[in-house]
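Naming follows writing order (A, B, C, D and E), and every chain is counted from residue 1.
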Amino acid sequence: MNVSEIWIPLALTLKLAAVTTALLLLLCAPLAWWLAHTRSRFKPFLEAIVALPLVLPPSVLGFYLLVCLAPSGPIGQLSAALGGPALVFSFPGLVIGSLLYSLPFVAQPLQNAFASLSSEQREAAATLGASPLDRFFSIALPQAKGGILTATVLGFAHTLGEFGVVLMIGGSIPGETRTLSIAIYESVEMLEYGKAHLLAGTVLALSFLLLVPIYALNRSNRFFQR
Amino acid sequence: MKISFDLQLRKGDFYLAAKADLPADSVTAIVGHSGAGKSTLLRCLAGLEKTALGSIQVGEEAWLKEGHSLAPHFRRIGYVFQHAALFHHLSVAQNLNYARKRSLDGELFPLEEIAQVTRIQHLLERNPQSLSGGERQRVAIARAIASNPQILFLDEPLSAVDETARSQLLDELERIFRSFQIPALYVTHNLVEAARLSSHALRLENGRITSNAVTRQVLTPTQIADGSDPFSIVEIRSRRDLPEEGLAELDTAIGPLLVSAANLPRELPKCILIRGRDVGLSLSLLPETSILNQISATVRSVHEHSASQVLVQLSCQGGTLYALVTRRSAQRLLLAPQRPVYALVKSVTLQAEA
Amino acid sequence: SLRIAVASNFHQTLSKIAAAYQGEHPEAELVLIPGSSGKLYAQIAKGAAFDAFFSADVERPKKLEELKIAPPETRFTFALGVLAFWQPGSQAAAFSQTQTLARANAQLAPFGAAAAEATERLPFPPHRTVTAVSVAQAFTFAQSGAADSAFVSYSQLRQLGIAEREYILVAPDLHAPIAQQAIALNTRAETLAFLKFCQSPHAQAIIVADGYRTP
Amino acid sequence: MNVSEIWIPLALTLKLAAVTTALLLLLCAPLAWWLAHTRSRFKPFLEAIVALPLVLPPSVLGFYLLVCLAPSGPIGQLSAALGGPALVFSFPGLVIGSLLYSLPFVAQPLQNAFASLSSEQREAAATLGASPLDRFFSIALPQAKGGILTATVLGFAHTLGEFGVVLMIGGSIPGETRTLSIAIYESVEMLEYGKAHLLAGTVLALSFLLLVPIYALNRSNRFFQR
Amino acid sequence: MKISFDLQLRKGDFYLAAKADLPADSVTAIVGHSGAGKSTLLRCLAGLEKTALGSIQVGEEAWLKEGHSLAPHFRRIGYVFQHAALFHHLSVAQNLNYARKRSLDGELFPLEEIAQVTRIQHLLERNPQSLSGGERQRVAIARAIASNPQILFLDEPLSAVDETARSQLLDELERIFRSFQIPALYVTHNLVEAARLSSHALRLENGRITSNAVTRQVLTPTQIADGSDPFSIVEIRSRRDLPEEGLAELDTAIGPLLVSAANLPRELPKCILIRGRDVGLSLSLLPETSILNQISATVRSVHEHSASQVLVQLSCQGGTLYALVTRRSAQRLLLAPQRPVYALVKSVTLQAEA
């Protein structure tokens, strides 16, 4: 087994996880903020909808996504009409799938973190001349750090490990949609246990090496934060 | 400049309905009992109560008008909250800088000066959550000033501050208000503090404004039926310092008064407080005593005050002075309207202090 | 380049065939995409850009042909699976020793269907059957020791070099043939050329050597 | 398709999700509490380990679990030695697998919720005579309600939808280890799309009907809580 | 009962090293500037500072000993925090009940009575976060009492309370301390409050205990060099009420004093406060004035106080009284040791009030 067999899917996986997590944070921040503060009657419905991607098995979710995103499907047609990229068996498609599948893991911790912020300090910031956006970035985000970290870790790790959705709408195209988790899965399926152990070990070690400093960094600021 | 507002707000059982015109170029005190709605009124004016109805006009700007509310960050206020509300994720210095960065045009007081005035220089690198109660409140005051506000809202800013610091901070607040011309709304339950700092006052009771006038009038003893200490607020016309004795001679509405100069702000204060209980009465002048101020006066009326005490309203050269004396003395001195007396005021009691 | 979707169980063998093909046609680029037949089928039906499909069954290629997703008359049986009964670690595999028997789901995998049929006819004591989604998973169940016996594909045993005493090859007359079909998904010359190669004696030899029979 | 084809796997799935979630809450509460308050140097390592089950594809995790839990594996042998139940192809085995797999979704939101509680009120409770356990139940838990709800929903929903692990260590035994998500997956694989739609629709509708009132309940208390 | 402690604690740059023996059967005031370590000391005694070293002995119980610390919930204290720390997820009534349920044996004050005394009956169903600042502090006091503590720790409990409520709450606290025999440690920056409530006092400065004695002594004007108002604390020996006039005649260490009875607690207070600035001096008796208390005295010493004022220490029948007068008067009256004078004290100033 040569290095590129690990390296290519690894790079792809990291890219997918990074893009997905970044997009999810961007998308979920306003959503979570709204959910944390609204008094709308529709809030429980929206919250339930956010949680729904979780309850379907990933490959089934992938199947429905496939139906929607295929060139013949509603979203696929829309994308084609707008001159967008092909959404199945392509990287953009994987991103869409992962976005949907990891949504709850990012949205919910964010919402919790935002909801537990006291309004006192934001009010103080407002009287000091901070606009709502300014308040969000200068007060709410730093104070919600713990929740944002959790959202990021859960979103990133879940995208790393996900393969049901990815396999279905991605199709395991080397270098394009064949992520590390698919490579591991396939190794097991093809009885190449040695390779599977190696790949799984790599992912675990890498994740561990990534997570420990992140958590350590968070911890070192904790004293100041409390 | 002027602030006019007409506000309505419901919060559970509590209903605020406050309408007033205030001069917005000086300090206005807001007094009233716990739960009267003082904090709520400030919050409405600051735009923090989203459901407040009515109107707020500050100078030329409409802060609240039917259907339109100016966002809080556009109302150039400096707000010192009853609970300091410091930013926990920032150090003290960063808290000040936060305000400074967002302050608009206009001449700025240097941060060092602000820190010095509020005595927080040694705390600048600290985390707000490690501060003591009094330290926190001083940082909150400093932060509000750092934002270079057009108007300061202060909600009991000195309640956690010890006596020495309080009296010094009061001095400094007074100086800041005056020399930097920052008008302020000042909520306090300390009437003496109110009298000392403000020229105008509002009294709130159960969500309504029950008086709105110059401080002297709002805090007038006969207006205040709540058992708190009655006092007179006497206008000062001019001042003559006697440096060798550390005294100042004030020309006031009730005649000349000798006061310890150290107890006066550097600027000429507009008025001086004289507590009713600090005023004694005598039928004759008393040369051989330590009582320097002996003011010729006429009894205007005598009010019941408590089981043992009466409040005597005196006329002195057209000014009004209140004396709180025992019923026994009143009988002994035959106090009654028109009776000429001397009001005895120890000069040392004349400190404009909380 | 050619993108060939292949049922997981045949992936190894097809890699060898592809290598042989590339030996003869150095310019050819072949990309194999393994997966379960059902998943690959769904993807092809939704327009996945594969050039050929090696299924683990007959059903799916036939359906693709009927739905006119695949061109007509390219479908062929490339291999017949050989069903094996495996008892890992045993000195001599015996049906009578079975307690937990793993096999693939009869409805999902042709090996499963064949195993189900064979089970009826073979002398098993009372036992528990656990089903896997694929024959690969059935193999894993046994390999990990979770199940003591399993119906697997002879090709898998060959691939891992399992000792002969541990398994029994099931007679072909105990079940319907495990026909595996391939189909072209377009009529490009390269596609057809490769499929043709797979039917060549050279390829057939590789297939047989890996534990399949040829039709 | 008859009713029992939905009902039996559905009942099994709900039972699995309920048991797993309940156990996870019990196990994670002390863990999360400790993580939220410790100043130990090992904290980042533990936090990283808690997140690790996420980064492996579920069926790969399932594979390793299978190896450990099999009668010949270390844990399987232990269980047998202690007279415990068989851990593969059995309900207890599914529970173990789901516990591991859903751990991060329960532990992390709990930890966040606990970390964002101010110590002031617990200190006040201590001076009023509340023991540490009492404080935990009477102050920390009610105030961490939002985080606990998120942990419960994420844990429950994720167990509902999980099938990679379950498939691997469960073996799809009807009524015993064949959960709804496996049934849906199998339907899709068998090209029985009609059945798949029906099953997936049922899960979605049920989850929605379950989640909306839960969130609504949480919302109605929010006003009081803030 | 007695409390002895010897505590060390480092918090950043701040170092607390406090050792003292206190009587634990009465109220001990803890005074000192902002940041002196008052709150920190209370927290150590309550067991809330886990890193505190040293020892605490309360009566027979060792709360802290080398290697062993009694958990806070076993120290039967009622703690009123500087920031109320009410439970937000419970209503006001539930907050009280929380404390009540966890209270141990002993006679309990009914919750209704506690609510009435602290004037929070109308707030019982409310959410603590909707309360005003003063309301919160009153609820916190009520909750601490509801826990039926062996000893109360109060950290500036009245700072957010308005004057009327404060004076009434002080009365009630006094009554509670006395009639229910709850000893207390009372942190305040208000020396008058300290003097009124406590019999013993600690002064903290920069983490050290600089005095620890009976309140009278700790708060003695010559001990306090911080510019705060000097006052005398005069022991009361007995009391005779004159109901028809609303007055009470007190027999004190400096002679008889006439005081408004309404300004005295129902119980005989141990001592009375007389502010230096409320004491005038005369060379002769003044019959024709409202000043009822004219006490024959001898000047013991004259201290510089400020640019314009001197503090005169007087001997009256063996008791000590301080008068704050202007330098001008001191010169005019030729004040010097041994000079006989009359100390003038208006009876109305003699309210034992903050």
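To be clear about the criterion, contacts are C-beta pairs under 8 Å (C-beta built on N, C-alpha and C of every residue); 3 or more make two chains touch, one makes a residue touch a chain.
Everything numeric in this text was worked out from a predicted model, so none of it was measured.
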{"item": "Required minimum of steps from chain A to chain C, each step between chains that touch", "value": "1"}
{"item": "Centroid distance [mean C-alpha coordinates] between chain E and chain A, Å", "value": "59"}
{"item": "Centre-to-centre distance between chain B and chain A (centres being mean Cα positions), rounded to whole Å", "value": "56"}
{"item": "Contacts with two or more other chains, residues of chain E listed in rising order", "value": "83"}
{"item": "Touching two or more other chains - residues of chain A", "value": "59, 63, 188, 226"}
{"item": "For chain C, residues that touch 2 or more chains besides their own", "value": "39, 42, 137, 140"}
{"item": "All chain pairs that touch each other", "value": "A-B, A-C, A-D, B-E, C-D, D-E"}
{"item": "Residue numbers on chain B that touch chain E, as the complex places them", "value": "11-12, 32-35, 38-40, 82-83, 126, 130-135, 138, 155-156, 159-167, 189-191, 226-229, 245-247, 258, 260-262, 276-278, 280-284, 286, 288-292, 306-309, 323-330, 332-333, 344, 346-349, 351"}
{"item": "Interface residues, chain C side, partner chain A - complex", "value": "3, 8, 11-12, 31, 33-35, 39, 42-43, 46-49, 134, 136-137, 139-140, 143, 156, 159-160"}
{"item": "Residue ranges of chain A in contact with chain C within the complex", "value": "59, 63, 66-67, 70-73, 88-89, 167-168, 171-174, 186, 188-191"}
{"item": "List of chain E residues in touch with chain D within their complex", "value": "46-48, 71-73, 75-79, 81, 83, 85-89, 98-99, 102-104, 127, 129, 143-144, 147, 153"}
{"item": "Chain A-facing residues of chain D, complex", "value": "43-45, 47-49, 51-52, 54-60, 63-64, 104-105, 108-109, 111-113, 115-116, 119, 146-147, 150, 153-154, 157-158, 160-164, 181-182, 184-185, 188, 196, 200, 203-204, 207-208, 211-216, 218-219, 222, 226"}
